[in-house]
Amino acid sequence: MNVGLPHFLTVGAILFALGLFAVMSRRNAIGILMGVELMLNASNINFVAFSRYVEHAVDGQIMAAFVIVLAAAEAAVALAIVLAMYRNFGTANADIAQRLKR
Amino acid sequence: MSDNAILTSALIILGLPLLSYVLTFFFGKKLPRKGDFIGVTFMGAAWLLAIRIFLTFWKIADPSYRVEASFTWIDLGGFHLDAGVLVDGMTAVMLMVVTTVSFFVHLYSTGYMHGDRRYERFFAFLGFFTFSMLGIVLSNNLFFLYVFWELVGLSSYLLIGFFFHKHSAANANKKAFLTNRVGDYGFWLGILTFFTTCGTLNYFELFAHVHAGTIGGHLLAWAGVGLFMGCVGKSAQMPLHIWLPDAMEGPTPVSALIHAATMVAAGVYMVARLFPLFGPTALMVVLYVGSITAFVAATIAVVKTDFKRVLAFSTLSQLGYMVMSLGAGDSVNAMYHLTTHAMFKGLLFLTAGSVIHAVHSQEITDMGGLRRKMPITFWTFMAGTLALSGVPGFAGFYSKDGILGSALAFGMTDGHYIPFILGILAAVLTPFYMFRLTFRAFFGKPADQERFDHAHESPWNMTVPLIVLGFLSIASSGFKTADEGWFSRFAAPYDLPAVAAQFDLSTPPAVHGLVVAHHRAAPDISAVAEHETGGHETGGHEAAVEHGEGHGEHAAHEAIHHKAHVRAMIMSILMVILGIGGAWWVYFLHKLDPASLQRRLKGVYTVLQGQYFFDEFYAATVYRFTLWWAAVCAGFDRYVIDGIVNGTGYLTRMMSWASGLFDRYVIDGMVNGVATVLQGAGEGFRRLQTGRIQTYLVYSSASVLVLILVYKVL
Amino acid sequence: MELLNLNIPSWSDMASWIPEAVLAGTFLVALVGDLVVRGRRTWLPFAITVFGLVTAGSYAVAAVLHADPTAHSIMGKLMVVDGMAGFFRLLFIFTGLATVLFAWTSEEIMGHKRENKGEFYYLTALMTLAMCVMAEARDLLMLFLSMEGVGLVSYVMAGYMRTSLRSTEASLKYVIFGAVSSAIMLYGLSLLYGMTGSLTFAGIRAGLLAGAANPFGLLTAAVLILVGMSYKIAAVPFHYWAPDVYEGAPTPISALFSVGPKAAGFALMIRFFYTTLAAGNDPATGSTLIADFNWPLLVAVMSAATMIYANLVALRQTNVKRLLAYSSISHVGYILMGFVLLTGQGLQAILFYLLVYTFMNLGAFFFVVAINNHLKSEDLQDYVGLGFRAPWAGAMMVIFLGSLAGIPPFAGFVGKLYLFTAVMDKQWFWLVIVAAVNSVIGLYYYFKVVKAMFLTRPAEGADTSPLKLHWLQYTVLGVLTVPTLVLGIYFGQFKALADQAIALMTVHM
Amino acid sequence: MGEHILSWMTFFPVIGAAVIAFIPSERKEIIKTVAAAAAAVPLILAVQLFVNFDRGTAAMQFVEHYTWIKSFNIEYFMGIDGLSVPMVLLTALLSFLCIIASWNIAKATKGYFALFLILEAAMMGVFCALDFFLFYLFWELMLLPMYFLIGIWGGPRREYAAIKFFLYTLAGSVLMLLAMIAFYLNVQDPTTGGHTFNMLYMMDQSNHSQWLQMTNIRHLLWIGLFIGFAIKVPIFPFHTWLPDAHVEAPTAVSVILAGVLLKMGTYGILRISYPILPDAAVWFSYALAIMGAINILYGAYCAMAQTDMKKLVAYSSISHMGYVLLGMAAFTTAGINGAVLQMFNHGTITAMMFLCVGVVYDRAHTREINGFGGLGMQMPLYTSFFSFALFAAIGLPGLSGFVSEAMIFIGAFPVYRTVAMISALGIIIGAAYVLWMLQRVFLGPKNDKWDSLPDINAREMFTLVPIGIIVLVLGVYPMPVLDLMRVSLNHLIKVVAG
């Protein structure tokens, strides 16, 4: 069988779902961030696949490249914040952070 | 006197008291003698002018002669209200009456009110009252009649409440004003009805309209009843009579001027003046109200021991007579009795004042034997009493007799005898209670020695008015009945055809002959009037002649009528003798102890002493209901209207599952209601806002899916 | 070959990009400057930033006044500088400048125990730059880049007070929520790209008009993208982060957040959705594309939900800062009204409202900052009697709140009037009525603050000494008050500005 | 000031307020003087207006018409006709007297007078504006100063009363706003063909769009406008803000509230609702008449149950505004003229009453009716003034209240006989609660508690006498005012009832 666009999309969709699930379920901030990474990469797969099958150009791939970079940056910032939080709360569990609840 | 002269002097008469009011009210305190002389002199002048007008009309001797002038008061283009002056015989007489009594009361007050701390105010108010009363007399249309009507009410309010530091006075004047307002309500509606149907309020134009049938049937009847309500209020007829006895809280001169001679007569004057506007139905009401009042009041007067109150109830009953006479279709004798009554009742109150002044008490139980101490007062009082009792030769006799005659005639022609019977019974009671008063107060031994010793005759400025009025109360009748005597020069029954002729409306329908006809069919005053007054009136007679019809019935009715008058005269004379005799028997010879009588007729006595418990009745029903209802409205406003949104509030609360915070505010009003509800909603939503990130994410993603699904469906 | 897009652009076009260039420079210089002084002499980065913003601002003003009808494409098809971009650029730079100036006097930013104070300034410059780019992006790549840029900066700023629990927590929430929603959006973008095979807005429109997409796919993509953008503008149901972040972050930063990123988000939404969905269709019939999947109802519901929710919650707030946070959410609801039909009239109304909103909202937040300096509190009870302790500032606050509540003669009213008119013109009566009712509710909580400041008598022994505000604070507040008043009675020119911005928005090429 | 007289009347107080803002707050005397001066100028201009006003035409006069905001077709369009003139005069007079009456405001004097002047400007504007947007602007501009005047200088429950007043009115005016926008979008400016806020164009039915000609739409819009105005009047059941606001507000503000603000409701109906939607007006007229009757009786009964003088007067206002509604509903010459005259008269009379209540409140610091008694002995002069006002209120002939009430009944009776008959009961109930209060406060034995109360002073008399004279003069000869309005109002009737 030859691999076509649908397969890529399916993989992407599955990745996205997994990522979303991780985000919902994980209590640890790091875990949540990993979920986010999954979701971003799901999109990346889509982009690359589409650029190959639909547009027949490299725009999508460029996009993907940028996304990867951004994901890294985002992760950096996020981890810094998680670190700060760990310093302040002594844990990296997101649901500790409920001080602002009124 | 030329027409213009008449009008001018009429206006001057109207203006003088007003001027006196303004001067005394604003500058009284600064003037010497607190400016009482202003009032007296001005009224004197007015009196002289009134005499002049009176004489002029005496010379003219034509009741249908009138001088009228009006100007546009409000003009909106398409709508206008006029103000105007009307002077005719009836006006002339009323002017005479009002100015005379007013002048002498002014004079009398300089003595009676001497040293009162609001002396100048008293004269100011007297002036104001006189002004408004004259306004009633002179106005030529209903609107301004109503205007002055109300002003009279105000001045009466002010004067009754002159000693307002007494609770009784404060209550009395409020009561008087409100009771009158009730009457005025009907009066005002009546006026509105006439204005909206006829488009005018000028008396004679209205007559013409009525005659032409612009307004008739039920409408006319109701309008008439409405107008009469005004009379019921002002002239203290049942069931609105309750205010008059209490009005005695005012200073005695006020009682004399306002609550005996003039203001209370305004109602009678009004009905007499507007006589043609009263349909048969209305007149029937008038007749019964009048006669009942006449009798009931008289019965109460018998048991009262307060000097002024006895007189007050006698006033009620006399007013009843006048109204009864109007109801019987005899406006002329009503006016005649009004005139004579003004004289002797004014006199009686002034003498009462003089007595109270001397004894410092109003209770006849504190009096006795005063005739030796104060002869002038006594003799003048006797004059008044005799006149009121209707002793032949005194003024009251002729007028009252005329009224009884008409009542009887009406009964004979129309079958309604009850009014006449009530009238006759009252005619027994009147001399009885008057002489009861006389014997208790002026004869016998003094009940209270030390009061008696202090008693003394009043100063000249109080006795002079007594003497003058005493003379008038004997002579004011001219010793003749209305239709034979001087009065016929001033007042004649209305001659509608003549009126109609002036305003070229549809030619008047044929004149019916009989009172019966009058009371059953459309009002045709001329016929009625002429028959009831013996028929040799200029106006009425010509009217009948020129629409020459039904001479046969005419004659027949005239006969009935004559018979009626003769019988009435005989009966009333008998009654007088009976009454005086009774009083003599009980209170002079003491053949019968009234106390024992009281004991024996306990029930009757209590009812009479309690004035038939009208006040209690009203207190239990009208007042209580009104206050209760007011409270209900206020509560409704506070709690229901102000909390009305709580219904919506409830829904919103359900919608936003807010906690019970809301209830606290339920009562507290629409705005709070909503506010709280919304706050409640906020509370609810805030639960969503748990600070947990995951929950946020769940909510958001969930709503994404929802969005997609929703829009898939849509 | 799309690679050509990345050619070195022509200078004539770059000339119109000077403000952004200046901002970028400012950021770098201020950064270096701060490193040089090691965060001790804070005036240096402050001065640099102010200077940079002023310079950029003057260029931006010049551009707007010049009203150049031609659109300049920057970096090929990635960005475009046109009327609308110019308008927003001005807005952002003004916001940045005002924030920086006010922050200079804010205890929260400049307090003694703060280290790295300079950081705030160059980050603001960077954020301004990113926001400008958001308004100019016309390509999915740039769209994502700019949004992430703004996001990243905001995350850092939200956590400005490293040692403060509230601040850290706020930034954590912000970053996680932001990351997730942008990831979701990115997925939507990828779908859109897949359906149309183009990254440029114009290309996407062309593709859609050519019928490349089936309604459901389009709906899914649109909704997913909308998620990301609603998150930026904090519209219900993607607003959850906003109140916490606004409350947690230092107030000047909250002020910046409540205006800047919101406006930028709207700019992006306008350009993206208008270009892809609405433009080029017959204006009379609205558009066929958006009719395909009931776009108006989608937005209308969102708008109504935002208004109602935010207003109801705001009613109960006792912390002024948090109250203002919810109020800013509710205003998103109002603004979305103009978005319902993607008509020129509506978009113009949005732009004008954003203009007004910038002034009044910044003003309200800055007042809170100024008071916080003295009271160290944003609690309503502590506001009692403020009106008499600082009359002038109090009066200005009343003006801001009145304007937020939308009562004449303040600018807020005019903004609402335009929105209402735009919606009513298309006869969406229920939406207008919802909005009307909400503005009444709004009045209640805005005037809770006024009531505390003026009506309630302070308790016995409470401190009623007059408060002396920094002259700079008075100046900035004054600068914000004037337009809030003037735009209420004389708004012709400014409305013209907004209209022009929309008119000059390029959708083709 | 010649041709811009209206603008001067409207904006001079604003200038005054601006000046006051820059006077140091401890210079109270100067502040008061400036305020009085700033309020006096409109009064003088009002006199000039009264003299120069052309009574012969129904057209707008002293018109000022300038383009304001071109893009939105908003114009600065001021002008007055017979309907607005009496209101303008009333506003000028009462504002000035109120400034005098609030001379002894001690707390935050500066703010008080500044706000008061802004309030005056707003009221003037409402009565002069002929552009709907302008009208709405002034209409709302009133709220803020009023909110503060009640809320800062008011009585114990002032915070509640202030926000209640604010929310009520805003809720109403928001509906008006929507109606306004609907008109704007659906009325065509015949000259330019674009939308317009110009009321005169709106009144011309031929400019209305198809949509706006649909009957149920018109009825809907009428209701919207009506509620907006009804809350101001206030018409039962939208009235509950009034007792609170009147009672809590300081004396002068209550005077303005009752004297001028209430009139804006009826003015709005006559100026906007009637001519723009005549058919709807006719459709609604019977309901209006009934509401009038309800107001009259309900207000009177509620007043009777009050024990707070000010609350009693407040409810009496509700009752008296009922007469206005009754007259308006009749569409007869006497009715409408009477209604507008009643608006003017109630303005003066109720002002007197509130001022009098204020006088005794300043001295005794209570308004509890049953707490007094026998004041007639203690303060005879004051008693005369208050009684004068009260008798004017119960429509005593010779005082202005009677004339308007009589005209209203004459106008309404032929149209709504039953309603009018029921309403006429008001003259009894009205007398009842007024006299009862009069008795409890002034008559009866003197209550020694009040031995120390001084009688009314010169300043207070200065505020009362002018109004008193007006009330008396108009009672004796009302033409001076009727003359101003009759032509315009008759024209209005022609427009509405054909």
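Details
To keep things simple, chains are lettered A, B, C and D as they appear, and every chain counts its residues starting from 1.
Keep in mind that, in the parts below, a residue touches a chain if its C-beta (ideal position, glycine included) is under 8 Å from a C-beta of that chain, and two chains touch if they have at least 3 such contacts.
Owing to the predicted nature of the structure, the values given are computational and were not obtained by experimental measurement.
The chain closest to the protein's centre is D, with centres computed as averages of CA atoms. When the interfaces A-C and C-D are ranked by C-beta pairs in contact, the top one is A-C. Each chain gets one centre point, the mean of its Cα atoms, and the points for chain A and chain C are 26 Å apart. If you average the CA atoms of chain C and of chain D, the two centres end up 44 Å from each other.
Between chain B and chain C, the centres computed from C-alpha atoms are 79 Å apart.
Chain D has its Cα centroid 66 Å from the Cα centroid of chain A. Those residues of chain A in touch with two or more other chains are numbered 20, 23, 32, 94, 97, 99-100, 102.
Among all residues of chain B, those that touch two or more other chains are 675, 686, 689, 691, 693, 697, 701. Those residues of chain C in touch with two or more other chains are numbered 169, 172-173, 176, 180, 184, 243-244, 317, 444.
Looking at the complex, you find that chain A touches chain C at residues 9, 12, 16, 19-20, 23, 29, 32-33, 35-36, 39-40, 42-43, 46-47, 49-51, 54-55, 57-60, 62-63, 66-67, 70, 73-74, 77-78, 81-82, 84-85, 88-89, 94, 97, 99-100, 102.
Here chain B touches chain D in the complex through residues 73-79, 143, 146-148, 150-151, 154, 161, 164-167, 169-171, 174, 177-178, 181-182, 184-185, 188-189, 192-193, 195-196, 626-627, 629-631, 633-635, 637, 641-642, 644, 669-672, 674-675, going by the rule given at the top.
Across the complex, chain C is touched by residues 68-72, 108, 111, 136-137, 140-141, 143-144, 147-148, 151-152, 158-159, 162-163, 166-167, 170-171, 174-175, 177-178, 181-182, 184-185 of chain D. Residues 388, 391, 398, 402, 407-409, 413, 417, 420-421, 424-425, 432-433, 436-437, 439-440, 443-444, 447, 451, 454-456, 489-492, 495-496, 499 of chain C are the ones that touch chain D when the two sit in their complex. Taken together, the chain D residues at the contact with chain B in this complex read 160, 163-164, 167-168, 236-237, 239-241, 243, 298, 301-302, 304-306, 332-334, 337, 374, 376-377, 391, 396-398, 402-403, 406-407, 409-410, 413-414, 420-421, 424-425, 427-429, 431-433, 435-436, 438-439, 442-446, 477-479, 482, 486-487, 490.
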